[in-house]
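Paired with chain B in one complex and with chain C in the other, chain A is shared by the two complexes that follow.
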Partner chain A sequence: MMKQFGYNSLKSRTIDYKNINTTLISYIIKNEPSFSSCISCGSCTATCSAANLTFFNIRRLNIQIRLGEFENIRQEIDKCMLCGKCLLVCPRGINTRNVIMLIKKGLVTFNLVE
Partner chain B sequence: MNDLFIIAPFTIGLIILLGILIGKYVVWTIQLSQIDKLRILHGFFTVRTFRAIREIFWESLLHRNIWKTNPLLGYMHMSFALGWLLLIIVGHIEAYVQASSLSVPPWIPIFFRYFEHEHFYGARFFAHTMDVLLLYILSGVVLAYGKRINSKLFGIKRTTKLKPKDRISLIALWSIFPLRLFAESATAVLHGNGGFLTSGIVFRYLQVTPNIEYTLWVLYSCSLAIFFITLPFTRYMHIPTEVFYIFLKEYGIKLKKQFNSYSKIQVYSCSRCGICIDACQMHHAQISNNQSVYILKNIRDENLTDRKLYNCLLCGRCEDACPVNINLNDLRISQRIKSSKEYNSSYDFLEYSITEKADVVYFAGCMTHLTPGIKKSILTVLDTAGVNYLFLDKDKGACCGRPLMQAGQIEAAKKLIAYNRQQILESGAHTLLVSCPICYKVFRDDYELGQINIRHHSEYFLELLHNQKITIRNTQKSIVYHDPCELGRGCKVYEQPRELLQSIGTLKKVKHEKVESLCCSGSLGDLSLSMVERNKIKEQTLEVLLKPNPDILATSCPLCKKTFVKGVDIQVKDIAELVAENIQSN
Partner chain C sequence: MIDVLIIGGGIAGIETACSLQELGLETLIIEKEKQIGGHLNNWDTLFPTKRSASEILEYYTEQIRKKSITIYLNTTVTSIRKQDDGSFEVYTSREVSFKSKTVVMAHGFSLFNAQRKEEYGYKIYENVITSADLEQTFKQNNDVFVNPMGKIPERVAFIHCVGSRDEKSGNHYCSKVCCITAVKQAIKVKQLSPQTQVFCFYMDLRLYGRGFEEMYREAQEKWGVQFIRGRLSEVAENIDGSLQLKAEDTLAARPFKMSVDMLVLMVGFEANKSTALFHNSCGVACTESRFIQPRHHHLSANATNIDGLFTAGTSIAPLSVFDTLNHAKAAAFAIHSYITK
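And now, the complex of A and B:
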């Protein structure tokens, strides 16, 4: 009704913790347990070569994956060049490159996008 | 008694073996690329064939490379290969001499003593010679038994595990020669035609009947047959395949990025001697399932898991130690390409920009950007020497593509390569300066930059020093140099960094140097290794490097520096930093 008068209805931003799609996060943590120790400090994003060229943001990806939001994730993850700087700065010693590879693989394996 | 039961198993086994081998080699050769087939054709009537035969003599028969690593193991392999071949050759000559003709049924030389009891000219000589050869092989068999029981006796810390089919083949191989000894001894008792070994020792106190003799010969024939038939399906396939591989290698066929039939030939050439297991540093982190020998086995059995495949530093120590010269690193990468081909990236955010003109292009790479000290030092040296340079990835630079290559993401890597390549070529520079061995390796191997000289900073600074563009002050400090894997084994640059360091201080030797150097454990080649495991490997490497108590631990790779710096009290410096600190302005 309101749309006819030029209004848009916003998509719901509610996070339903009971119905989160945990396929990808469980797959990653199973194969790379160190990922569960991430404290979201953002060191990886600060040093990232891809983030220097684009808006690529591993920390944001991390949060999205944990919430099971896979929109745009495929395009985003493709920006990583696997250079490994994040690996060296991570204070928790997380094997970030393996996480990236697992995300890439998981998206294809579980058919999560497109 | 019926001779058929002696002749038939051996003959059938041999026919099956030859049939399978010829079939496999023909298929593999057909599957080679057109250019590789032409290489074989063009190389066949040249000196390359002789070179291949010479290498086969040294490696497949004498096993020179195994001797170099482990003499006892070398002796064992040589006794089987050389001893058996000589036994066959001398056996044939013996049969020809006895028959005074070259037309002898093919099984006669194999079961000679059983069929020929009559004395002929030279019979004694042949009997003794054949016994010497048999004794020689038996000494190898005894060593093989010993190695299975306790591999530590051989100085091998770890050895390969066997599958049931391998076990059958192994038992067949182990019983061939003892059975031959027993069979010939039994015949010698009955007919008196044995040499010094076969004529007495075994059956001195035992009654021999023709039945026992017959049974022993049948068993001997059966063990040969079992070995022949199981050979193509077990690790013993390496015996004929290695010979085939040496020919192809000599004709100039190189391993491709994609797994093809030549890769398969390399996989089947692995004898599973286990030398690569000892070369691998992973055992410091208690990892013992991912070494090259196991990977090749998994490729054969088609049950390779990602966990194993990606758990390798790609340091190249196994490749250097491999007595068969298999390209173990590239084989592993080709499997990674296969495993990850469904998810490559396009990097369409990369925008082509106009590059300035310069004489020298400096590409720092991601790792140098992470170690600003090295970057600053390089720029200091370049400024002091007055080089007209362009800092290509100063603000916005893409990765060189090597980490993607190592991860098997070849299509993605090609995108980055094309992007960087165009910028480098556009600058019109004659030299590309790189301060990271990881980048250096991919620039040399995959960029196809034509006339442009690609220099690692250790090479370039040495050139500047020789051309008196810079002068360096000698600090008299003691230095230990760590060879980065990608620069050393990867690009064979060993001497330039050492020469440069000698002008800065006193270079001390360490136990594992140059081609044998250890990995720092920071390698990007590994995608599975945890930090805890990496640290365990690093500690072992540092123990070797710090043995001579140096003042400075020098390296020429930002990643090695970054890895070491967290674990030691002494100074860890890149060669660029040492040069920049001690440079004197003219």
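And now, the complex of A and C:
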């Protein structure tokens, strides 16, 4: 109603853990268990060729997957060139390239892409 | 005159006494409680081995018997006075005093009283407990895991740094052992109740010791414990007794809310109240954080500013059981060389 008069209502930015879509994170952890040991150090992003040129941020992808927010992932995931430098620097030994592949597969398999 | 009077019959005091006895010195332990062992009596298992705390106590009970170490239980030291001849007169609650060549302050620490962080709702909301309460629960019941209302919790949250690294509590220091204790307890919750989701809210994770990092990874990979970087700002109770948490997920850079069935506050260390008494009666130097100031951090970590007055264990700072026992062993050597020089 108020919108008709030029008002806008803002969507809450608060993360609500009750309503998180865990489909993708469960799928990734099942197939690449090392992903759960991420400590958000950012080594992967620092070395990433794509991050050097675009807003692609693989560290942040981890958080967005955990929070079940796929919108940004859909837009960003194809910027990865699968060079695997992130895999070489990860202190936790996470197979990040496999994680990227699982994200791509998962988005399609569970119909998370529009 | 006694060679060494030890204040406190916790593991620091007992280990000091055992080592001194082996070095041929006569010791006396004064303990305020009705039993030895101090805080360890209230603990279920020790990190990182998950060894039962009672095994350690049994070992020391046996050592005391074997070495015939004298202990006065139910006795509180009220003041320490240095005499002109360099010895000490130690006054107690029993209206007797002891003369001793040296004194060891092994009177330990106090746990932070979580009620002082009122916004976390301890003793206000039924399902808010402390890490010490949880150890008691584990000690009493090792088969099922329920919250204080008797429900198997869907979600449990551990809050790190309660009363530590917090100027608002008057404690700016890190209590060192709470991070690894939370990891240990989180794993235990998952073992007892695999369907429960477990979250740890931390500011920094400080997993410095041998085996700690391995345990952290075990919690992440094997047990699926989720670590969220952010400090809890407030807690409110829902009508069904569950708790609504508000904090920021600082890595996602957004506020979040979460409802949990149980909240565990990782309470930190504070200096024992006796430390202030001893400071007033004999002038032992204390740090800003109210613990005793060692004479030299690296080279004489057991000596104090007063000749013949030594420390063992957590009277100087928060320490793990591992560090406490090493500090206590070192105390015995420092005292031995002081007496025999």
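Methods note: the second predicted complex is superposed on the first by the 107 of 114 C-alpha atoms of A that agree within 3 Å, B and C clash if a C-alpha of one lies under 4 Å from a C-alpha of the other, contacts with A are read in each partner's own complex, and residues count from 1 in each chain.
As a working rule, a contact is a pair of C-beta atoms (placed from the backbone, for glycine too) under 8 Å apart; a residue touches a chain by one contact, two chains touch by 3 or more.
Please read these numbers as outputs of a predicted model, since none were measured by experiment.
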After the match on chain A, would you call chain B and chain C a fit or a clash?
fit
After lining up the shared chain so the two structures overlap, which partner does A:5 touch, if you call chain B first and chain C second: first, second, both or neither?
neither
Kindly classify A:34 by the partners it touches after superposition: chain B alone (first), chain C alone (second), both, or neither?
both
Which of chain B and chain C A:17 touches, first, second, both or neither
second
Give the angle at the C-alpha centre of chain A formed by the C-alpha centres of chain B and chain C in the superposed arrangement, rounded to the nearest 10 degrees.
110
Contacts of A:63 with chain B and chain C, given as first, second, both or neither:
second
Chain A residues touched - chain C or chain B, whichever exceeds
B
Smallest distance from any CA atom of chain C to any CA atom of chain B, in Å, after fitting
14
Shared chain A footprint, chain B vs chain C, residue numbers 34
In the complex of these two chains, what residues of chain B are touching chain A?
306-307, 310, 340, 342-343, 345-347, 349-350, 366-367, 369-370, 395-399, 401, 403-404, 407, 409, 412, 416, 522, 524, 527-532, 559, 562
Residues of chain A touching chain B in their complex?
31, 34, 47, 49, 52-54, 77-85, 87-89, 93, 95, 97-98, 101, 104-105, 107-108
Of chain C, residues touching chain A in the complex
155, 205, 217, 220-221, 224, 226, 229, 249, 251-252, 254-259
Give every residue of chain A touching chain C within the complex, in rising order.
13-18, 29, 33-34, 36-37, 39-40, 63-64, 66-67, 92
